[in-house]
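Shown below is the structure under consideration.
Chain lettering (A, B, C, D, E and F) follows the sequence in which the chains are written, and residue indices restart at 1 in each chain.
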Amino acid sequence: MSDLSHVDESGAVRMVDVGAKPLSRRRAVARATVRMAPATAARLGALPKGDALTTAQLAGIMAAKRTSDLIPLCHPLPLSVVDVRLTVVAGGVEVEAVAETTARTGVEMEALMAVSVAALTVYDMAKAVDKEMSITDVTLVEKTKEVVCAPPS
Amino acid sequence: MSDLSHVDESGAVRMVDVGAKPLSRRRAVARATVRMAPATAARLGALPKGDALTTAQLAGIMAAKRTSDLIPLCHPLPLSVVDVRLTVVAGGVEVEAVAETTARTGVEMEALMAVSVAALTVYDMAKAVDKEMSITDVTLVEKTKEVVCAPPS
Amino acid sequence: MSDLSHVDESGAVRMVDVGAKPLSRRRAVARATVRMAPATAARLGALPKGDALTTAQLAGIMAAKRTSDLIPLCHPLPLSVVDVRLTVVAGGVEVEAVAETTARTGVEMEALMAVSVAALTVYDMAKAVDKEMSITDVTLVEKTKEVVCAPPS
Amino acid sequence: MSDLSHVDESGAVRMVDVGAKPLSRRRAVARATVRMAPATAARLGALPKGDALTTAQLAGIMAAKRTSDLIPLCHPLPLSVVDVRLTVVAGGVEVEAVAETTARTGVEMEALMAVSVAALTVYDMAKAVDKEMSITDVTLVEKTKEVVCAPPS
Amino acid sequence: MSDLSHVDESGAVRMVDVGAKPLSRRRAVARATVRMAPATAARLGALPKGDALTTAQLAGIMAAKRTSDLIPLCHPLPLSVVDVRLTVVAGGVEVEAVAETTARTGVEMEALMAVSVAALTVYDMAKAVDKEMSITDVTLVEKTKEVVCAPPS
Amino acid sequence: MSDLSHVDESGAVRMVDVGAKPLSRRRAVARATVRMAPATAARLGALPKGDALTTAQLAGIMAAKRTSDLIPLCHPLPLSVVDVRLTVVAGGVEVEAVAETTARTGVEMEALMAVSVAALTVYDMAKAVDKEMSITDVTLVEKTKEVVCAPPS
């Protein structure tokens, strides 16, 4: 019935026990797109100092660090790096985030949180001039790991 | 050049000053969709107690209360209610959030944060069985206000 | 079936909508007891500067301010005062907290959170010397309000 | 005078230095009881989907992850699992939490925080129908460790 | 003995009760200086996009919003605006923050927190190239208020 | 152009990738001074129980644990100890903080955050009686490390 990993057979939610998993170096890459009127996108890209994009980039990095505070069943992870990039394209902004850790569980929720909050921050910065934006295609595009240490036995 | 409300003429970012705006009763409604394999969606909806959906609902409500911690230029707001609903449909989950406040600035970022974090929580709960999910169409569907009090003069 | 105020008829959880309630000045008082060996209690009370108690007092005040971050369906409240007092008695420490606000909903969870976290902090300070402590009788002892402003109509 | 571990000889508070302790796999189990009228307990247990209990369970898990933010002298710990269970009994709800980590210091405060906040959340959900609840017997019932790694020398 | 407002006659700390104070529109301005080698300052000012300064500016704004989480006896305040400006000068960076609210207590700690965290962020960005920086002259330069509403009586 | 470690060649901000650095035992010591009227300092030092200083000490310890939440590009670190000491001198209070960790990156921002927030807390406690205080000489006075473990290769 349930291989949904966070719900046990009685239907109760639970945090997956990762205590016996090996320490691995883990990496995840996520993407999202903020769709907006081309005129809005053009203006975002023409700001003298790019600060709207920097604001979104920083918001994404800071949100990644708080993923386990926000997603109820996520484990706290010692992130070794979070990198968020925003690219203005015709009709929108593309957001990509890389998150890495050496831990017992994956880092994809951190990458997804980073792109989501960066996208919401772009939305917040531009909402006064564009009422029709949307955030789409929030997806995981890469997830890898490499065991660095045997599990505690 | 810039009517992007959070970037001033020199390109510096800024929090909009809402001190002179009237206190209004404000309401915003946002939506998002988590797309997944029909088999995943069917299972989410058939869990004995629906707890995966409750988890996402609570995560959305709690995230709404932390919007001003996450979106750099958002004002803290005294939310009077946040309501998050998830509906399992063929091929996914639809998330809708209502946020209301009596404040000097709008509550749309709180509603958008609620649906985004609720959607990410669904993703987290189901990611062990479905590697191809995505979150789409994060949009604001309603925003209203009603002045309840003249501004401080 | 359900007048449990945070669960609706379908069983879904919800934050109560307080937007139409009047602004009232509200006050709540809560208490808790940390039970411990008399020898532990005697030592807590004989510390040169009372700092273990001050630590617990501050932890309680700070936790009260974060109640809406911790209790999923609590509303954020603008606390006007939180006062936490600890008294060493034979066999333990009594904790009392007063919380006050001018808001649309009650402040009892803030007072209860304050005494709970203050009690847990006493436990943390003394656990190296006493393995048999417990926290009991966490209760609300007073709850009052006084309407100061008609509701927005 | 003081083997209270968090207070030094001058009476000043301090965080215990755990840098030289070995990395151990650690586990703690805590319990608490929410006492309420039998009629309230019966209703909590008869809700169509058990969501009041799920809400409390999630609140407890999330609070455990924030223990070092709330208890002033606690160390941040990489929790590998937190499990919170609530059982409706005659006259109340019993809460049990298990917390585990691989770290240099114990995880009992995390387990105690989980049961305390889960109990407070039950209180919050039911307070509209029962004004006489109390939380009692917050206790540690098990604490174990197993060294997995020699300390840094 | 003590007109230190947060310590009562018995020496116990306390949060000042502001419940009976009038709602006033309040404003505070604070400043700080980060001293560094002229070569470091020159480089900070010559970055292609000014992003190190934007990062510090945003960190200051976000920290202001969390003042009551960090300063134990501060009241939570609904900030209506926080504005942080950084100016590169010979030998350093000058930071100025303005914070405003309509509340029952002053907003100076928010302005001081903003400049302190902005200054620490400049330090963090430049510490790889300059080991001799310091932060000085963290001061309040203006504090005003204007009553907008009689107190609740 | 830029060896400012958090700004890349295009001017974009970034979190430094520490994933390939060795695990080291790291220690940092920071200091700050709160300058005030001698009469204020005398009173702080003559309080019956020293609680104003304990409050500042605890605020510093707790803030150190939240450094990565506040400084945008800081990594989360598992602090093994934070020690904050305040000394009343003629004309002010001297604050010193020690922070230690076993991690892949340094702990100086944690020590600097601890002294800054402890100093701001002294300011908050005494501001009702002294309007002319300032915080100066926030500096790093020691930074050491010792490799305990080869990097993951």
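One rule holds for everything that comes next: a residue touches a chain if its C-beta (ideal position, glycine included) is under 8 Å from a C-beta of that chain, and two chains touch if they have at least 3 such contacts.
None of the values given here were measured: they were computed from a predicted structure.
Chains touching both chain B and chain E: A, C. Look at the CA centroids: the one farthest from the centroid of chain C belongs to A. Annotation: the A-D interface is duplicated by B-E among the options A-B, B-E or A-E, judged by over half of the residue-numbered contact pairs being identical. For chain D, the chain whose average C-alpha position is most distant is E. Comparing the contact residues of chain A and chain E by number shows a mostly shared set, over half of all numbers used being common to the two copies. Remark: chain C and chain F have CA centroids separated by 30 Å (rounded to whole angstrom).
Averaging C-alpha coordinates per chain places the centre of chain C 16 Å away from that of chain D. Multi-chain contact residues, meaning those touching two or more other chains, occur in chain F at positions 11-13, 49-51, 54-55, 58, 62, 66, 69, 72-73, 76, 78. All chain pairs that count as touching, in label order, are A-B, A-D, A-E, A-F, B-C, B-D, B-E, C-D, C-E, C-F, D-F, E-F. Residues 49-51, 54-55, 58, 62 of chain B are the ones that touch chain D when the two sit in their complex. Residues 11-19, 68-69, 72-73, 75-78, 103-104, 152 of chain F touch chain A in their complex. Residues of chain A touching chain B in their complex: 1-7, 10-13, 32, 43-44, 46-52, 54-55, 58-59, 62-63, 66, 69-74, 108-109, 112-113, 116-117, 119-121, 123-129, 131, 133-140. Contacts from chain E toward chain B in the complex involve residues 25, 50, 54, 57-58, 61-62, 65-66, 76, 78-83, 85, 100-102, 148-149.
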